[in-house]
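These notes open a run of structures that come right after.
Common to both upcoming complexes is chain A, partnered first by chain B, then by chain C.
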Partner chain A sequence: MSLKKLLKPFKLINIARKSGVVTVLYPYQKPLITIEFRGKISIDATKCMGCGACVNVCPPNALTLSRRDDTIILNYFIGRCIFCGRCAEVCPVGAITVTHEFELASTSTRDLNEGLVHHVEKCSSCGGRLGTTSKMLQYVILHSPASENYVHLCPDCRKKRFVQSLAMKIGARTEDYEG
Partner chain B sequence: MRVDPLKKSIWVFHLNTGSCNACDIEILDVLTPYFDVERFGIKLVASPRHADLVLLTGPITRKTLPKVVNALRAVPRPRYVLAIGACAVGGGIWYDTYSVIGGVEELKKILEENGIEIDKIVYVPGCPARPEAIIYGVAVLLGLVEQKVHGEVKIAE
Partner chain C sequence: MVRRSVTTVSAEEIINMLREKLGDIAEDIRYVESAGIIVRVKPINLREASHIVHDVLDAYFRTMMAVDERPINNTFAAYYVYGLDNKGINIIIETHADPYTPVLPSIADIVPAADWYELEAWDLLGIRFKDRKLHRFVLSDDWPEGLYPLRKDVEYTARPSPRIFYKPPLQGPRLPVGPYHPALHEPEYFELFVEGERVVNVEYNGFHVHRGIEKLAESPRFAYQKVPFLAERICGICGFVHSVAYTLSIENAAKIEVPERAQYIRSIVLEVERLHSHLLWLGVACHLLGYDAGFMHSWRIREKVMILAELLTGSRKTYGINLVGGVRKDINMDKITAIRNTLAWLRSEFTKLADLVTSVPEIVRRARGTGILPRDEARKLSVVGPVARASGLDRDVRRDYPYCAYKDVSFRVPVYTEGDNLARVLVRIEEIFESMDIIDQLLDKLPGGPIMAEKIEVPEGLIGVGNVEAPRGEDIHVVLTGRGRPYRWRVRAPTYQNIPALKVMLRDAPLADAPLTIASIDPCFSCTDRIVVIDLKTGRREKLQTVSIPGGCGCEL
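Our next item is the complex of A and B:
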């Protein structure tokens, strides 16, 4: 056996000593998380108005909006989320924030669902279904104050009110529209 | 059939079911000296017959489905599965595509029809899942840590 072969283990020891210990002791040590890292999103229940802008942009449909009677339910399924952060980008009120949370392992997919229940407003004139939340109406009034008189009405009542106001201008009497 | 829980080191088998290889790279990362899961006794084996835990990645395409069923049948009891990545958990962006069955939830039904029982499945979301997230998933599977996420329903004010 040549001397070169005999010295090989010592060479390796030298290399190992130079590089040192590289292993991260993850459970006992904090993991390396940069500012840019995107984890699970968190939806602020006090800010969210249930407009569904995030639902439209979500590539894997992890965010879904379902309407039932007088509630709108925004469901977030973490299992399908690809953590792209587009929902946080597009949210008009900034209710969605991207957190650094990544320890999301769970034993059932039911634990991976998060829901947010919104209550739907009713038409102020006929009491029928309006389909929007009160926060959404406030948002619309804030951005176009001219719509304040019509925003609380359902589409049918809105048409009636508009035609009525036009007719009043021409010279119709109020009694014609009652009953 | 009564199945004893795992008491010794777990040996893992890596099963790619049509994933984009991002999750597979993260699994390789876990096995390298940087994260070094061999300090927990986790070891990669080449055959499902030697494995306790199957690291399943990908949305399970129709082409791989028979092979996946065969591989899982070959795993001895107790049979554990770690579904890694958004694709394996809920189908990911392929959840309603014609060529995939859409995640482990659907696979579970098919396995039940074939009489294959899986003792425990742990879902690790992420696209791809971080190496730390995979280590955390194994810890949840072995019952070493409590899981952090619980499905909650909030009501908007």
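Our next item is the complex of A and C:
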């Protein structure tokens, strides 16, 4: 075996000297994350309308929509989140943004939950539950202005109004209907 | 060596050949573009058909999908997927068993690679295989008898109470390796039977982290576009290959046209993944051989690849950019420059490192001539990936069954005939250089256009095969489409095919070589384990530590 081959393993010294120390003193120095990094999401409460589009696409069910009385609660549980950012992609109003935040460890699961409460609108005719939030109604009106006349009504009242107008057309009088 | 032409013999010719060879046995032969040539046979003729396809036509055994098709046609079906590598086409033997007492003949003596698949089908679907010993294999020991989780009448939420069982202790001197691999930090359990310093037999006890992913994907909780994220979590190192294999199988089945650019991006990310995976493995191998300097430097280089992966996809691991129909993140000029810079740096650094590692006598001497897997044994077990290539089998899915953008690039497939640990080290080192070349070529040719298909509709009842060359070998997914989600999704990770070969490698070898030999197949156990984890409160003292391992992927080091 030639001497050159024998001494080859010592090239390590050269490699080590050239590369120097590469370890980053995290957390004292800044972590090496790139601009594309996907961390936890942040939901803009002023934009979110509680439609639940994000809930439908969330693979691990980190985003959930629950209803209690006349509120809709959008809950984001970081413990389940896989940081895929699908919710930000599908949000129709751009309320969800993916942040660079990743230092999320906590001693209490309560810190890992973020809830957003939306109030459910009431039917403008009977006062019953409508099931949608006011921002959702505004969104619908914005995208199809013709709906403005009936969007504030609950399905029952809509049916009633439809039947009423149909009956009026074929000659029924209001007194008959109300009587 | 240049890439072989994709399909030299058309499907028609193979069908004619099959008709001639199989004669009356074949009830029906049809060609499905998304999967291959499907041959339907009666269970009694299964053995003969398997013999003809496996031995006479010399097709590799790739995977077997057992399905509970009782809601569709009142049978249990089994699809044995064989691959004619040199023609780039699959031959699928389809057979249907009785719905009440499903029994199929065992083909494990004709096709040794089918051994595990039969045990798994028995465990998960209750299909009995004649003339062979069946035992508890994938499910944990305390899973109740007679409850087969992949049957459609078992809810995915089923949480049965554990059964009480007793296993007689094994006889003879033996050495436990596990339940965690000393270097790979993964749940596995080998029992090496030893005579002095020599290993005489090996028992593998795996599937400690079977998480039931296949069942979960069939549940109403999932949809076609959610499964890629689940598939990615099958493995912590080569997760992207699983999500690509899944999306390919669905896209093939539903004939979704994926834009060229998306296919290129997928290929680039797949190669980046191979780079970091092989660098990781090389580091671990050095560490196992006591050469920690090599380990440190291999991982130092790997870190740059990880940062590159994050820049391309948004995450260091589990990239999450894949969907059925395309990808979610585009590549711009800045990223292309970053890739080129990283590759240039990597090339110079890795050349030095590879040169160094292969010259260190403690590595070369311990790797040469140990853990030998002879070619004929490798062929019998249809091993895949670097393990196959180190044993003289010239197989590479990227070349033989081109997918994504691999049809547009040329690369060399390193093949060694020694079959020892050193050959497996060298195959991986060469593959790193090839991967860097492939990325360069892909960047040169990167086409413009959209990155997501416009129309994504998946009809019901179609079969699709998706295969990807993972860093560890061929990864193949078979999908039967259903309403809104897969009806059956069969994942076969490379390690599943390679572990049976360990028995051959470890037998009659010195005990001191065992850790390196086990690591030499680059085992990835969570890929191999895919079912339920239940806590074991009862059982023997020795077993207790091996079975109560919490779920989750133990792959990422």
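Some observations on this one:
One rule holds in what follows: the second predicted complex is superposed on the first by the 163 of 179 C-alpha atoms of A that agree within 3 Å, B and C clash if a C-alpha of one lies under 4 Å from a C-alpha of the other, contacts with A are read in each partner's own complex, and residues count from 1 in each chain.
The rule is short, and it goes like this: a residue touches a chain if its C-beta (ideal position, glycine included) is under 8 Å from a C-beta of that chain, and two chains touch if they have at least 3 such contacts.
These numbers come from a predicted model, not from an experiment.
By the touch criterion defined above, A:22 lies against chain B and chain C together after alignment on the C-alpha atoms of chain A. In the superposition on chain A, A:85 makes contact with chain C only, while chain B stays out of contact range.
By the touch criterion stated above, A:61 is placed in contact with chain B and with chain C alike. When both complexes are overlaid on chain A, the residue A:118 reaches chain B alone and has no touch with chain C. In the superposition on chain A, A:50 contacts chain B only, with no contact to chain C.
By the document's definition of touching, of the two partners only chain C reaches A:36; chain B does not.
Comparing chain B with chain C, more residues of chain A are touched by B.
Of the two partner chains placed around the shared chain by superposition, neither chain B nor chain C is touched by A:162.
In the superposition on chain A, the residues of chain A touched by chain B in one structure and by chain C in the other are 22, 59-61, 82-83.
For chain A in complex with chain B, the residues that touch the partner chain are 22-24, 26-27, 31, 40, 43, 45-46, 48-50, 59-62, 77-83, 101-119, 133, 135.
Within the complex formed with chain C, the chain A residues making contact are 5, 8-9, 11-12, 15-16, 19, 22, 32-38, 57, 59-61, 82-86, 89.
Those residues of chain B lying in contact with chain A across their complex are 33-36, 39, 86, 89-93, 95, 103, 105, 120-127, 129-133, 135-137, 139-141, 145, 147-157.
Contact residues of chain C toward chain A in the complex are 221, 225-226, 229-230, 233, 293, 297, 300, 303, 307, 310-315, 318, 320, 328-329, 352-353, 355-356, 359-361.
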